[in-house]
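In what comes next, subunit A is part of two complexes: it sits with subunit B in the first one and with subunit C in the second one.
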Partner chain A sequence: MQAGKTGACIRHCRSGDSEQGPGVSMMKRDVVYQAALLFIIGAVVYLVALTTQENLARLGVDSSIDFLWKRAGFEIGQKLIPFDAESTIARAFMVALLNTLLLAAVSIVCASVLGAIIGLARLSGNWLVSRLATAYIEIFRNIPSLLQIFFWYFVVLRTLPRSDESIEFFNCIFLNNRGLFVPAVSPGQGWEWIAAALFFGWAMIYFLRRQERRRHAAAGFKRAETTGTNPLASWNLLLLAGVAGVVILVGGAQWDVPREARFGYRGGLVMMPEFLSLVVGLSMYNATYIGEIVRSAFTSLPRGQTEAAASLGLPRHLTIRLVLFPQALRVIVPPLTTVYLNLFKSTSLAAAIAYPEVVSVFVGTVNNLVGQPVFIMAITMAVYVFISLCIALFLNWYNRKIALTVVS
Partner chain B sequence: MSMNWLRNNLFSSPLNTVLTLASVCLIIMIGVPLVNWLFINAYWSGSTPADCPDKSAACWPFVRARFDQFMYGLYPEVERWRIHLGLGLIILAAVPLFIPRFPGKRWLLLVLVIACPLIGTGLFLGGVFGLEYVETGRWGGFFLTVITALFVLSTSLPIAVMLALGRSSSIPLVRVCCATWIELWRSVPALVVLFVAIIMFPLFMPEEIEIDKLLRALCALTVLMSCYMAEAIRGALQSIPKGQYEAAEALGLGYWRRTFLVILPQAFPVALPQITSNFIGLFKETTVLLIIGLFDLLGMVQNAASDPTWISPGVSATGYLFVALFFWLFCFSLSRYSARLERKSLTYKTH
Partner chain C sequence: MIKTITNLTYVTGIIFLFFTGSQITDAGTLEEVRERGKLRCGIVESSPGFSSVNDAGQRVGFDIDHCKTISAAVFGEIRIEYVPVTPHTVFTLLQSGGIDIFPGGATWSFIRDVSMGLDYTGVYLYAGQGFLVRRDAGVKSVADLDGATICIAQGTTLEQNMADYFDDHGMSYTPVTFADMDKGLQAYHADRCDAFTNERMSTAGRIALWPDRAEHLILDDVISKEPFGALVRQDDPRWRDIALWSFNARIAAEELGVNQENVDAVRENTRNAEIQRLLGVHGEFGEKLGLSNDWAYHIIKLVGNYNDLWERNFTPLGVRRGLNASWKDGGLHSALPFR
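Let's turn to the complex of A and B:
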């Protein structure tokens, strides 16, 4: 007991915690170390700040953040909010930030879906399927993601047909070398109603589920026994889809389908070739990592779990949904956080093919325009640090939420 | 055997049969055009653009014509023996590190860490011992990729050890500073770190000091890599049983001797698989250099493929395939090596 305590103290406690002679002197040494460190950091920061100021003065740059409210004077190819040359640089920053977030979000979703499929395919009892998945993982994870993006952008999308010979799907989706044209829901007049309806539907489901849980609790079941096998589960979806569907029909929201015009296509949602190749490249690269995570999570589960579920008489699909998947998820989430963070960071590779995201717009265009490197680099770094932090915090919260509460 | 095997592994249920058929379709759909493109329609002989009349087929004459550039960048032809000699020396010295139970590995590693930068400046850059000066702007291709990876590995490891020790230190301020530094750089993309080095570094330095662009990029990658490596080493430090710390303490060893004689020699093998996978990541990350205008292997190929006399989809695709093959071979074999290390360290633990 005693030994354990001191042992822990050697690594984790301040050396000053023990009351013996050497402890006191070690505490003094700690203070000296910290003071010295503080002095060195302060000196370095001061010197760097001083030289930077001198250099900026010599270059004739008056550092001020006012440049954000100047007129931008350039166009951006893809924008989620209105933007033109007359807008401010701050607005250009917002456009770029939204483009980064859009790219990251779409790639994360695609990579997760593809990764889950690949991971499960590797576990498949089918020899051919699992070998194909292994080959996919071994090929794509060992090739730099930038090279993959270049391949999709310069080789595949460049060789797509011209606008007048587009590849058509169902007469409403068009693919050509200008990008992918898909129908969009134009907000029209009814969108508030749709949002309200979806919220209403969700609230109803929540209410019904709570009622049902209460009923179960009243009947003497424990809460855990009711989750998953919710008899209303399929009704919920129908309810939600039904309510939303009715409102879409009544509210008159319109699908904006791309139409052939004199030069290319008009209307609908346009995805730039740059965006497409980035999404494909980043998803295919990161899916290999997610696939490995999914596979190792499922193989790490003890065989007894499957056998116990089988002996309880659970059918195969319920065994996976209720027994294996929740346990695998706990193993999946921590390494998945790393992959998501890496994927988010690699959206900056978009600068190589001039997709207008934070690095290419801000560090590239804006810095050349206004020459305020200090503020521009600081803002760019802050953006990445902040969003990385948000992703990490969210997934850590989720991880805690699904963590095993030990049943004794 | 074969009928049974087929039935068990490919056609055990209706779903499996469908999956097998779908896979076969997929293989045919991808494989046939690929084989056509790569072998049947491809051009193999010659070394001029005229040898590739079909613009979409694989064009190996392109790779042959530009092979020297892909390997050495714009390094002068008569001076290339220096690259061969330097890389040969490094490889010769590094081979024993991969042989289990080779004596004195620690000293060899130390020599390598010190010798690599010296070889880099003396032999590759020149300007001393009567060697012609070759400015870094003419370095490129495979040579630049390898040099970057090796340089960054050898400089980031010592820094990483210090950062990892700092982050698990008992002194609060040291711990906080190291943790902040590591987490700051780990949450920023490599490209942004490179831009910081390219744009900001000259501002931080007095006017007289001008630092080479390649060196700035190498510093940026070192800062970044040392943070990733530090996390790998910290993980290993945490896995060392407490008894080791206590035993060293009981022998009367101070902090530094305890760390460098007892803890680190045990932690390093544990961290090695993670360090290797970080190194693979670094190797793939070197392609980012082309965005800031340094011509690594991919940058060189990209540059050559946009030459107006060659430009065509087939040429680009062949160039990318060449680079992909190179990276794939390197990363795949390293990852296999790392997996073997991991298995071995697992079997050691059970003894």
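Let's turn to the complex of A and C:
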């Protein structure tokens, strides 16, 4: 216990110590050095920008960002917000950015779930399961991500049936080599009501959970989770589904069901095969790293923790959930940030297989259209830096949060 | 892998632009090429008919012959460093001096000519954007493609042409936009799309070896004119003249009946004054360009006239000259006079 506390202090208290430690003169010198460094960096950046501007002007290349407000004049295959050839290039950028974010979010969730399973499987006492997990990691970690994406793309395309031989579910969901077509709620025909109902249901659940927590606190438990079960979980789902269902029936929301057209299916919500294969490719590749992180985190925990839990009579799954996982999380989160950042950046590989994300649309199509590589690259890079920093900031915040609760 | 290399070239190009930009104008391109001892020619790789590698491991094709044309004019022999480019990198490489010329299928359009700091050197090929479809789809013309999913490659004016055409005709479509043409064709072949659109001749070249070629059809309709011209930097007018007149020499040679086979004999025996000026028997046309006077002779001797190029590269693919015939045969190629 003592050792653990000292370790925590080294991690968390160092910044406080150093502020009191050094003398005033040293601090002043530091400030001067840092200001000088900052000035030099600023000057270099300014000079490079100036030279570039001059060179571009002499070469007769347009250099302004006015092009953002021009008519795009091209179509995009997947758009989460309305877009057509008449829209501006700035809007095309937004469409592409949303596609990037969607791909990153879905891939991160899938990679995390798969990675956790693989990591735990490697620790499994079952010889076959742990060896299979090891083989999985050794294979998929050692093949370049781009190759895996190509592989899955052409596997997906070649295995799925043609449009006229689609796999059907309930006559409203269709799967073929043009994508997965599911019914969508028609905009403006009651979907606001469903959204409102879902929000209402969520608020009710939140309220009920608070009530429950209070009840538990009164009964002497610290947190509701310590019981390991949540008697209200199934009721929550029922409540949500019930409220939404009633509104759909009463409000008469219209479903936009995919229907057969001259070429394949039209209408509904489409998940492109490019999207599906990217999610598979990126998740399977990054899950290998997450699996190793999870495994190392669990291995780093003292055996005494498992043994203590076992001697208390906790079953295996509760030992993992209540004793090991919260402690392992402290070790998992910092390296996990790196994996998430890498995954986010490698969504740019999507440009190779026609998924319309930022690099494909902006550095590809738009750059060809307006021919201003310097500006376009600068904007794209700035957006990647910004979003990466947001991800890092969020995970660092989360890291601090869980680290503190464990230490206190 | 492709992407990584692409990005690397791209970044290199931009770094060029940052740091070496100031050196570009100091020496002319011709002097730079001479000093280097090699022409840096941008090419697009693996486009049968235009640019490919033959069984002997040599680069062959229509685009390659353009590189050779310029090299023959400058050096009197073939001394070329081929720089593979992609649509992502080519403009940056040109602007930054990474390549001297790009004869790889760039459409001569207003915006490109006016706002990119680049210049065209005449039209060397009259191409057009068309559609590849499956025969069993029952598509007879572009008008039948309303609502279709269409595979397309970035990098040219293709995307805009298609959007404009479908918009004008009140038709809708879903694009599947690939960074390179081969991936787009593979996806079309795997039935990802109802149609594939690109320049018709390069499409014909690429699908020539498909085992199921007979099940596919290139529609006769052309939705855009794609006049291809070689690109050079705008700040060196003499280099542009060299490229323009080198390409023109091949068309003039065809009109004057001079070809790779008979050029030596014609040079010896001709009494036609224009042929004599072209081949450097009289006059100092080469010197005025900063070249040797027999520059055009070297072009015809080493590369051939326009018809030689066509028969070497496109005739085996079954592509007829059509619009690309000489004006005497009802085509569009007409030589500027050597006088």
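Here is the rule we go by: the second predicted complex is superposed on the first by the 255 of 408 C-alpha atoms of A that agree within 3 Å, B and C clash if a C-alpha of one lies under 4 Å from a C-alpha of the other, contacts with A are read in each partner's own complex, and residues count from 1 in each chain.
In this text, a contact is a pair of C-beta atoms (placed from the backbone, for glycine too) under 8 Å apart; a residue touches a chain by one contact, two chains touch by 3 or more.
What you see is a predicted model; the values in this text were computed from it and never measured.
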item: Partner chain in contact with A:151 - subunit B first, subunit C second, else both or neither; value: first
item: First, second, both or neither for A:349, with subunit B first and subunit C second; value: both
item: Which of subunit B and subunit C A:390 touches, first, second, both or neither; value: neither
item: First, second, both or neither for A:162, with subunit B first and subunit C second; value: second
item: Partner chain in contact with A:380 - subunit B first, subunit C second, else both or neither; value: first
item: Subunit B versus subunit C as contact partner of A:76, first or second or both or neither; value: second
item: First (subunit B), second (subunit C), both or neither touched by A:312; value: neither
item: Partner chain in contact with A:195 - subunit B first, subunit C second, else both or neither; value: neither
item: Partner chain in contact with A:45 - subunit B first, subunit C second, else both or neither; value: neither
item: On subunit A, the residue positions that both subunit B and subunit C contact, one per complex; value: 48, 51-52, 54-56, 58, 144, 146-147, 154, 158, 348-349, 351-352, 363, 367, 373-374, 377
item: Residues of subunit C touching subunit A in the complex; value: 1-4, 10, 13-14, 17-19, 21-22, 24-25, 87-88, 91-92, 95, 111-112, 115-117, 145-149, 151, 154-157, 159-160, 162-164, 167, 173-179, 183-184, 186-187, 190-192, 194, 233-235
item: Subunit A to subunit C touching residues, read off their complex; value: 48, 51-52, 54-56, 58-62, 73-77, 85, 144, 146-147, 154, 157-158, 162, 177-178, 261-264, 266, 272-274, 348-349, 351-354, 356, 360-361, 363-365, 367-371, 373-374, 377
item: In the complex, subunit B residues that touch subunit A; value: 9-10, 12, 16, 19-20, 23-24, 26-27, 56, 168, 170-174, 177, 184, 187-192, 195-196, 199-200, 202-207, 242-243, 245-246, 249, 280, 284-285, 287-288, 290-291, 298, 302, 305, 313, 316-317, 320, 323-324, 327-328, 331-332, 335
item: Complex contact set, residues of subunit A against subunit B; value: 3, 6-8, 10-15, 30, 33-34, 37-38, 41, 48, 51-52, 54-56, 58, 124-129, 132, 138-139, 141-147, 150-151, 154-155, 158-159, 341, 345-349, 351-352, 359, 363, 367, 373-374, 377, 380-381, 384-385, 388-389, 392
